[in-house]
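Structures for review follow.
The following pair of complexes shares a single chain, subunit A, combined with subunit B in the former and subunit C in the latter.
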Partner chain A sequence: MHGRVKVKSTAQQEEEKRKEREKKLKAFVSARDAVLRKRSAGEHDEEALQLTQQLLSSNPDFATLWNYRREVLLQLETSREKDEVQKLYESELHFIEACLKVNPKSYGCWHHRSWVNTRLPQPDWTRELGLCDRCLSLDERNFHCWDYRRVVVKESGVSVEQELQFTDRLIGSNFSNYSSWHYRSTLLPQLHPQPIHSHRVCEEQLLKEYELAHNAFFTDPNDQSAWFYYRWLLGRGVCVCIFNCLCQLCDLPPGSVSDISNEHNLTVHWTEKYTHRDCALYTGEHRERRSVACVCVCGRSELSVEKSSVLQAELQSCNQLLELEPQNKWCLLTIILLMRALDPLGHEKETLAHFQTLKEVDPMRSSYYSDLCSKFLIENTILKMEYAEVRVFSLSNKNLTTLCHLDQLLLVTHINLSSNQLLRLPPQFAMLQCLEVLEADDNAIESLEGLYHLPKLEEVSLRNNQICKLSDLESLASCTKLTRLDLRGNPVHKTANIDSELSQLLPLVTALSL
Partner chain B sequence: MGTQVKDVVIKPEAPNTLLLDKHADYIAAYGSKKDDYEYTLSEYLRMSGIYWGLTVMDLMGQLSRMNREEIIEFIKSCQHDCGGISASTGHDPHLLYTLSAVQILSLYDSINVIDVDKVVDYVKGLQQEDGSFAGDKWGEIDTRFSFCAVATLALLGKLDVINMDKAVGFVLSCMNFDGGFGCRPGSESHAGQIYCCTGFLSITGQLHQVNADLLGWWLCERQLPSGGLNGRPEKLPDVCYSWWVLASLKIIGRIHWIDKAKLRSFILACQDEETGGFADRPGDMVSSLWNLSHTILHMHIYFACDFSRTCHSLYRAYHSLRYILASVIYFHPGGSFPHSVWCGWSVFAGR
Partner chain C sequence: WQWLLVTMLSVCVHFPGLTESVIAAACSRVGQSVLHLDRRNYYAGNWASFTFNGLLSWIEEYKQKVQITESEQVWRSLIDEGEDVVPLSSVDSSISNLEVFCYARLALILLTTNTEHEVSEPEEEQHTSDISEPSQSQEEKDSQPISSPADPPVEVEKKITYQKLVKEGRRFNIDLVSKLMYSRGALVDLLIKSNVSRYAEFKNIGHILTCRNGKVEQVPCSRADVFASKQLTVVEKRMLMKFLTFCLDFEQHPEEYQDYTEKPFREFLKNKKLTENLQDFVLHSIAMVTQQTLTEEGLKATQHFLRCLGRYGNTPFLFPLYGLGEIPQCFCRMCAVFGGIYCLRHSVQCLVVDKASNKVKAVIDTRGQKISCSHFVVEDSYIRDEQRQSTAYRQISRAVLITDRSVLPSESDQQISLVTIPPLESSAPAVRMVELCSSSMTCMPGTYLVHLTCSSSGTAQEDLAPVVSELFHVSTIPGEEPSEVLWVMYFNMRDTSALDSSSYSLPSNVHVCTGPDGSLGSDCSIKLAESVFHHILPDEEFCPPAPNPEDIIYDGDGPQAEGPGFDESVNTEAEEEESNQE
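Here is the complex of A and B:
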């Protein structure tokens, strides 16, 4: 039983309750047994309807009874005229509605109602829509009702515009309505699709939606629904473009690149996606008889002038709100997201400061904010790396708690992650196929799962981490060019015979520091 | 001005240690209370109830207190001609209880007491044109059933019998603007459905299709000031959501985004010191097996080291649950990156 408060009662009250329950139980058991007996006997008649009605009214989750009821109804259909069938099922709808009043969240009830509508010679979708309106007015978050409404809307041909207006009304009358915002998110792409990606929303409509959400959280800055929706809006048209970098390692047929120089600039066309990008082509070493080439594709879609000015205005408004509500975490997070959309590198300092505040005002989610901040710092560093056209990735002393976008670092030769809070080098680290030097001192690294089959890795420094067992280092054996390894300040040095064990495990490592 | 956050307040005198013995006694006694009102009224989900109880007892190292033979006979009596299994004798077969039965038999290493091929046929027969799964022949569609289908087949080693591409396609079509999942395409995100869908995607090797950062954020925002978790925005916390939310976070690798200590104290405060078991939130009535099992499972996932007396049984539990708990290392073709995938194992039965 959910939502029943426990109240301590006297011995007498306990006894009365016990007697009452015993009575109820007896009645239930006898009705249940009678129904199941009838069913076993194959009886599909009015009495079956009556018996199941009694039970289902207060036990709508007893699914087998709905099944039996359906069998009875189907049987009765065969001996009735169309208008009688209509009446039969209409009265069924009345019954279901009575059940819903008692338990508006019963899967069995709602499904049965849908089923009845498939049997009704003439379903009345207007009435069904009315039922949904009434039900939602009692509980706007009843997802069973919302799901049923979606079916009614589809069957009855209610337009998307009308439903959008319905959400306008609900949102306008009660801002705290996540279900309405959610519904909106599904309606918009249907009404205002993007030309090519039809599941996305066109820009014009998106900008209007910013205003709707903006009004909601300005009226009530603690209405989380509007902030969730807003984040979606930002992601929909914007964040996808912030970071659009793709790295691929591929083999080119021998002889396809005749030039001796190391770099080429070329344009790659993707016929499938009707797009193209300017790329740089780096020729790797010859491996057997194939030339392995790395193709780096970088792109950062620009914001349209219109979108840029809208977002700039949004940022200003949110900053004003922040002055009034400096502890509002939704506002802080949204400001960060807006700044990233507009100018991730330019706003880096402010972003870090806001993350610090976020961790203070919303400490339960500190880990989330730390990871998100780490992600943004990594993105910024990748951008800086691209602009500088270097292959060195350096992010030391930045409170990094997680690594991501490792698939963007395929060309990196040197990586410095020292003085952070990393716990592991995840499996995706194995993508860094060009990596020659790794510095990751002063972290809390326990796992090196990602350090395997790195063909160019020569030097690894992991001082002051949490590598405890010899087995934690096993993956390194597959890095055949590894010669320098610094493991000072790790618990593993306490392992018995560690020196000899390591030289057995990693015979190629000539400079080992423990 | 401003919406009040819907939440509960934990009283200072609420329990703050885990009352394992009381919980074990509660469950051991549960089956014997055949004249109990709530026990009888919950007959429609009996198979799942048994599964929850057994799992919890096993985690607490007390599985032997349950009557294995009686339960196995019971399950045999619940398999119908179509292959599907019902919640109890005289009830109709359904995917929910077919899964629970297969889970129980896996736990007891006795899967062959039922006709396995027929179970597989039953599950396969419930897949629809669009890849979705109906719960039974009456046609209710829900992503819960997609999870039940693949979990059942995975335990039986028969995932290949269904149309996997379509099954995956349907579940992905239920992904929402917030990264979460609902019952059907267009349905609102809900922690229970999210558990089923991330579990589904984990079992089918498609976790990379989830936006883990976005969904993880939505999930960690379920944690309220009291430390408890709700199932979706603007709802009260409930101990069963500790399971749905936490398991989902574990599956997508973001479990550290929840404040562990605060959640722990919320859960402990939900215990009933008199009867054993857990209420859905501090101060409410104990809600039998549902909350207890979900809570213990949760504690197992997150607080394994806190079961100081039962540490050994937890490792035993891991071993005994090896059929149920599948930890799969999945490599994508093309040599990109491995996934570490964890399958959750509970069933979301009609709420």
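Here is the complex of A and C:
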């Protein structure tokens, strides 16, 4: 029809493109071979620069070529005046910029750029900073550029204030940016150090940062970057694990501990002043004529009044958000952590309810939440035990999935772990050197590797668990005082000759239930 | 012009606005021969962009209202047996109530001293008087700051004078229609799809603002805005984000709004527990709907706004550099590249209708030529009242201001801002204001071009003057400090967008396109163009991508004529070349 524009068909276009590509490939391969020949011949001349330039501008990720280029540049540098060297490297910077346009995430390019700047007699850091800003405005998560920028900032001595403003700007344009938040967390302690702990941030600035984080997570509570930053803010000074416990078996000079009294109080000097700890010394047994003492120190960092009122306010903010977003996992988890920092026992019930919601809204991580919940429950039980000053530790029916802080249960004589969801007694269980009675009925325990060399263990009850093989019980043989063992309701009873095998394995056990 | 007679036209497009240009380009692209006629000497009709001087002549023309004497005898002789005639209107009455005020001083005056070295021009040169109607000249003189030696030395500041505006007039591109392009609107999609976008450049709108209690402030509409907003409490931030997130896929959650489908959007917003603040933001600045708009429409509008965010920046809008008038011109260019023919200052007097089929078979132009065509596309303003079934127009009130400072000064003075101004009383219409900076290539450096638009309840001046005086400092008393507003023009434009083909009694192959509508986007015009195109050519694709120049195969006799430029001389040459090929 008249007036219609005739256009090449797709096949024609394809064919043309294919030919074009073939031509390019040929040129590339022959240039590459030429360069590699030159390098092996040890030629370091201008021509080498030109050839590598051609190749790198179409493929900036060819690391060998960058290496060769560095060799050539170092060679040329020796025979030139300072001005000329400056020019040589400046043109190199221009060239790298062109390569970065081809691939802004080329390892080779960025590395070469850092190197050129170290060789440059008078590096222009302002220009480099500008380049980084441009790159980051195109892709704010280009970590190559972030890395390079760190080098530039360090070399050019940009002030911390300016850098903080830089993060302000980046976070303002898009707050889903870990890099900026993280950078901020490194800048703040430098700019607003706390008077005593220089690696922390002063309270006044902290309040501003809390506000910034609130703005972010109220705007988008599903964005994790702000939550992580917030956790970092809260975490400064509040150890999420509230126990700082040290248990040590040590040699004491003979005679320093009387054998009559089995408990001595010791004064321990701590290098960190702001934590309050109770110390007690318990004597262990005499072994090989040495007095062995076990020093157990339990304590928890007490929150300062100001700190706790700040955290209280933060808890309120988070609760406010939770009212609006009852299903938000980040909010739930942060609330749990805040509650633990403030009053772990007082908030226990709420914490458990929040864990339940968390498991429902985030089923992918339900095991993580269960383990975390177990940890908190154990911590709470330890706290209670501490207050009551008893040696009996009961954790039955708490839905525990894992055991932790066993190192702090060194002095426990009776432990009850019945009706949980434990799968094993981990090797750390061997820390319970004073343990005499273990009840662990109604779990799903398969492995007993932690019941090993427990010198005072007399009675073990493992009813209704998943112990299948005789070999699983072998570690019990190392517990020399074990006399009572209850294995009812375990698959192991189906093993042939189980009675005789067991009495052979554990000759000291007198009361065995199968 | 004799050659035109031998051309068998497929489509004749008359008075090309945006819709008509798109139809013309689409038809031409698929190989139809298209003749584009316009009685004016500029393109795009009411969609046109003018230089300041061009606008002054346009005002002039409006005042004179030139009547073209119709010579019925000329075309009578051209009508054959079995043909009927449908005359077209020759007077464009789509613009009314035009009024102009000038506040710029007539010459540069340094107020500090009376013996200034800069010579002020004599005062009698009040050229504004010759462009305004007599009834207005009094007002104008009042508003004209008089530079007399008695002026108190208020400030040492160089103000832009009227002379300067005229002298730099070519830097202005003043649109009669004020619209923005939604990043995911029908227009942007079409520009991309058809490759017409290569003919134009665009700038992102920088600020979305609103005016509350007389204060201009930023509307938090994107995630980053909400995060950075200082006016909202954190709970408001959450409520707003929650609501906006819901709007993004509101169709998935009908249970949330089904009880409100028959109720106004505002009530739904209240029910969603948005604070008064947030309701205003959403209703006026994000959805940009009225108090009466029903919930579903409001939700759709909000969704459209949100979907446009982030495609080209933090706001949902683009603006074409050199003004909105560029867009019809781009389509004209595409039409010309594919062989469309353009004639300015040339219009159609009447249509020749075949009585038997009741279809237009030809048109007779103002020079008495009969041009055959199989389809005729025309703008509504050319239709005489006899052919109308309904005359239910609406009107749009418009104001165009030249100012010398931004309504919300910020770090960058080169931002385009959209300001939505909620009505003062609930019955009044909301006013939409677009402030263009000089880097949008629509005004001279140091000035801002401000467009105000609302649906009319009275004349444009009645509707918009209160808003102008609320937002800008307009000096009323001579000798007071200089006005921010240098120049103002008010006018009403007819909005025929509510009309459709059933509103006219015309042959079926006459396609009437409505003029610009009052909405912010151009979706309405593009959708109309597409439906007219499919009516004309049901089996063809609407605006398929134009091929890249390197993929075009030229015939043995050398490359074809490039698309004609936009000035008339080149145009004629191209046309002649075209005709030689016939």
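Operating definition for what follows: the second predicted complex is superposed on the first by the 446 of 514 C-alpha atoms of A that agree within 3 Å, B and C clash if a C-alpha of one lies under 4 Å from a C-alpha of the other, contacts with A are read in each partner's own complex, and residues count from 1 in each chain.
The definition used in the following text is that contacts are C-beta pairs under 8 Å (C-beta built on N, C-alpha and C of every residue); 3 or more make two chains touch, one makes a residue touch a chain.
Please read all numbers here as calculations on a predicted model, not as lab measurements.
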Contacts of A:6 with subunit B and subunit C, given as first, second, both or neither: both
Touching partner for A:123 - first (subunit B), second (subunit C), both, neither: neither
Touched partner set for A:216, first subunit B, second subunit C, both or neither: second
First (subunit B), second (subunit C), both or neither touched by A:321: second
Partner chain in contact with A:344 - subunit B first, subunit C second, else both or neither: neither
Contacts of A:105 with subunit B and subunit C, given as first, second, both or neither: first
Contacts of A:367 with subunit B and subunit C, given as first, second, both or neither: first
Which partner reaches more residues of subunit A (counting touched residues only), subunit B or subunit C: B
Those residues of subunit A which subunit B touches in one complex and subunit C touches in the other: 1-6, 175, 220-221
Residue numbers on subunit A that touch subunit B, as the complex places them: 1-6, 21-22, 24-25, 28-29, 36, 40, 59, 61-64, 66-67, 70, 105-108, 111, 115, 141, 143, 146-147, 150, 175-176, 178-179, 182-183, 185-186, 220-225, 228-229, 232, 235, 363-365, 367-368, 371-372, 375, 407, 427-428, 430-431
Interface residues, subunit C side, partner subunit A - complex: 28, 30-33, 223-224, 226-228, 234-235, 237-239, 241-242, 314, 338-339, 547, 551-553, 555
In the complex, subunit B residues that touch subunit A: 1-3, 5, 35, 37-38, 40-41, 43-45, 86, 90-92, 94, 136, 138-140, 142, 176-178, 182-184, 186-190, 213-214, 216-218, 220-221, 223, 227, 232-235, 238, 254, 256-259, 262, 272, 279-280, 283-287, 336-340, 350-351
Subunit A - residues contacting subunit C, complex: 1-8, 13, 172-175, 214-216, 218-221, 317, 320-321, 324-325
